[in-house]
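Below you'll find the structure I mean.
Residue numbering begins at 1 within each chain, and the chains themselves are lettered A, B and C in the order written.
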Amino acid sequence: MAAIELTGLSTVYPNGVRAVDDLDLSIDDGEFFALLGPSGCGKTTLLRTIAGLERSSSGTISLGGGDVTRTDVGKRGVAMVFQDYALFPHMTVAQNIAYPLRVRRASKQAQQDAASTTSAGLGLAELLERRPAQLSGGQQQRVALARAIAMEAQVLLLDEPLSNLDARLRLEARTFLKRLQRELGLTTVFVTHDQAEALALADRIAVMADGRIRQLGTPKDVFQRPADTFVANFIGSTPMNLLTGTAHDGFVEVAGARLASPDLSLADGTKVVAGIRPEYLAPAAEGITGTVSIVENLGVTSLVTLECPGDVLVGLTVPEHEEPRVGTAMTAAPAPGRLLVYDAETTRLL
Amino acid sequence: MSAATNRTRDTSGLGVARAVAFVSPALLLIGLFLVFPALWTIYIGLTNYTLTGPASVAPAFVGLENFLGALDDALFGNALWLTLVFVLGSAVLGQNLLGFGLAWVLRSAKPVVRRVVEALVLLAWILPSVVVAYLWTAVLDRDGGTLNALLGNESTAWLVEYPMASLIVFNTWRGTAFSMMLYSSALAAVPPSQLETARTVGASGWQTVRDIVFPHIRGHVLTNTLLISLWTANDFTPFLLTAGGPNHESETLPVFIYQQAITNGELGYSAAISFLLLIVNLVVALLYLLLLRRRS
Amino acid sequence: MTFHAMLRRTLYTVLIAALLAFFAIPMLWLASAPFDSDPGVGLRWPDWTLDNWRITFEHPYALGSLLNSIVLCAVATLVTTVLGTLASYALSRVRIPGRDALLYVLLLLSSVVTGTAAMVPIFVMMFQLGLINSQYATGLVIAGGMLPAAIFILKDFIDSVPRSYEESARVFGASPGQVLLHVVLPVARPGIATIMVWAFVQAWGNFLLPFLLLRDVSGQPAAVLLRTLKDEGGSANLTVIPVFSLLYAIPVVALYLFVSKRYGFRFHGGIKA
């Protein structure tokens, strides 16, 4: 049984923006699911629609098998962590964490118990009497998580929970979040526009654009075989090379080179876009040839930009100790099976 | 809760019905004690309603008679003129100039001096008007008044001999705080670099104010003047100091309305005058909002 | 230091001193006259005594009028704060049809319909309703006059409370009443306290409306009694007036000090905070 099942779901704002557009999605019980996409693509809206803070215009939402499309917010058994955490500034950490129980008029004892058990699991036991303003960003984030967990909902929604943290803390919080989710086994939907975060954390990822899902799959799928050029462009810490060209005799001709294409039996002259990740391009005797124009140090590797015939720029990564000199010529070829061919018209993977 | 067709963005989850229920009591009170009286003034102003006598039981509709009567009433003309003098003297000039002057001078004062002066100016503003009236009676009285004591003369009854001048000085003292605070915050928004530039090229204080500061605060001057004029024109405190006397020499419009309505019992006539005051208020307030909107 | 700079320095000091004197001298009376054995209208070094205080406390109406003031202010302040808070919360959060027009009209009303401009119809209305001399009715009239401004200031405060607080509470299952009680009111407390103090000070100092509507001396608040003392028995009662002025002014000054210390002296759209 799916924990979250969305069918034909649309959310339209009063100003006419279709922030979620006819979306179908099924999320499994206990899954850690990431919604990934650029700013304004409708991630927050989708999350809010699931929580019931926005009313869907059409389509249905069911949670744990029950239809909740018309159920009021707060009665859906969904907990949520807001991007700004929304910790109540006038309550202590303990009161914040116990708030979901207070709403249900649980006894003072039950509230205290919930606060101490939940806080212990998140390393907040020492902070129970503080107010949110006296906490660091990372502590606030954990209090917000604790409060959501204390609700004991079947589904946990997280809206960019890590985006307010600095880079270092973010990595720690990421690991922490993953461990916590595993321990609790909570179905978790996680919104982010950071592709690395999604790849690192999620069991499955949905890449969104303009209120629709562009690709749905495991991090591996999405990273290795982006379904269209939009996703290809979006995923990966260095942008994928997307080179326009034509198909010929089972080869694709791009940037003045003929590359062996996967067996697609394309008609001669078909306009295509060849997608190759910089990580999957390596120096070779034959392949794309150009002049080294820029070398950027990325730490363990370096990103080399080649200027190829027709003013095409191609990026590839090389181990840092094999950096070429700027101005020299260089030839590179894709690793076997790593060349992706997209239809230039539909932008879909062929 | 309304269905998907009525998609108001209601983060509080109140819903329109409950929201209307929340707003209604306040609106009821405002309607009863503010809107209704304002509208009713028009009606009373068209009758010969009086406090006592036959017309108090059965007032008759007299059309525009009250308004026409006002045109011929020398006392109304007098009240109008005195109100104008009062507003120009104490608000447009007095509070405006003194308020700006204080804000300008205090910028460079020591923090202690600044705090003390500001506290005193504010105190003059927040003390209840009845108390303030006594304070100034003590200053301006003929026998033993502070001003006469300071001047070493024992014969000037300031409130009797110079009633309007006294009221203007009094109201400047009373209301400068608002202008001072407004100009203080406006001055704080003038870029210091521009002031320093003026100083390095050797501009005098007056030149700096005229060329650098004034262009920045022009909008504030206008809106401030409108607000304090409106308040001053509606101020009832002169009644507490001079009650309009002697012989109507300080009878501004609010005092005039009170005398006509309560002392003379001419409710219809005073309502007509009130209506005129309401219209003036409305025009000034609309102008004020227009200016505010243009500025933002 | 050049001669010129010294001259400027001296002039500046004289100017500040003159301004200080202008604002301070009228107030000194309030500090000296209540303690002077022979209080005159003018300012002088007092011949210290506390007799005036005893005589004031024995005055038949003095303490009663302070009590009347408290009742009047309590009604006006409570009504203004409670109704103002409810209204501004709803106006801040829900797009009631015609909301923007309503807010505009409220803003206009708060400055256009002043006590002086509306005194005739208000007097006639209360007169015809037989509510002259009713403290509660007078309190309501004062509240009605303060509400538009109060709603405006409060809406400003509530607008600045992040929506995510309420949304978060709702996701956890809070009802609209719980959202208001648990989250909105506590978070907006500084604003509500400001309005309470503001309303109290306004009502406490209001002279015109109680003067018009409370004609019976035993029901008059301090503002009106203080005025009545001026003509009591044909001449001003100079023993009682200074002491009573001071007693009557103290709450206002105390509240002003409290607010400026606690929240800093702010003013909103020209309203005394």
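Going forward, a contact is a pair of C-beta atoms (placed from the backbone, for glycine too) under 8 Å apart; a residue touches a chain by one contact, two chains touch by 3 or more.
Per UniProt, the chains are A = Multiple sugar transport system ATP-binding protein; B, C = Multiple sugar transport system permease protein.
It should be emphasised that the depicted structure is a prediction, and the values quoted were computed from it without experimental measurement.
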- Message: If I rank A-C and B-C by number of C-beta contact pairs, which comes first?
- Response: B-C
- Query: Looking at CA centres, what chain is most distant from chain A?
  - Reply: B
- Note on the structure: Expressed in whole Å, how far the mean CA point of chain A lies from that of chain B is 60
- Task: Would you kindly tell me how far, in whole Å, the mean C-alpha position of chain C lies from that of chain A?
- Result: 56
- Query: Which integer distance in Å separates the CA centroid of chain B from that of chain C?
  - Reply: 16
- Item | Multi-chain contact sites of chain B, meaning residues that touch two or more partners | 8-9, 11, 13
- Task: At least two other chains touched by the same residue of chain A: list those residues.
- Result: 53, 73
- Message: Give me the residue numbers in chain C that touch at least two other chains, ranges are fine.
- Response: 167, 170
- Item | chain B contact footprint on chain C (complex, rising order) | 12, 15-16, 19-20, 22-27, 29-30, 33, 40-44, 79, 83-84, 86-87, 89-91, 93-97, 104, 106-109, 111-125, 140-141, 143-145, 147-148, 151, 163, 166-167, 170, 176, 179-180, 184, 201, 204-205, 207-208, 212, 223, 226-227, 241-242, 245, 248-249, 252-253, 256, 265, 267, 270, 272
- Query: Tell me, which parts of chain B touch chain C in their complex?
  - Reply: 8-16, 18-20, 22-23, 25-27, 29-30, 32-38, 40-41, 44, 49, 102, 105, 109, 113, 116-117, 120-132, 134-139, 141, 143-146, 148-149, 173, 178, 181, 227, 230, 234-236, 240, 253-254, 257-258, 261-262, 267, 270-271, 274, 277-278, 281-282, 285-286, 288-289
- Item | In the complex, chain A residues that touch chain C | 51-53, 73-75, 78-80, 82-84, 86, 88-90, 99-100, 102-104, 147, 151
- Going by the contact rule at the top, pick out the chain C residues touching chain A in the complex. 162, 164-165, 167-175, 178, 182-183, 186-187, 189
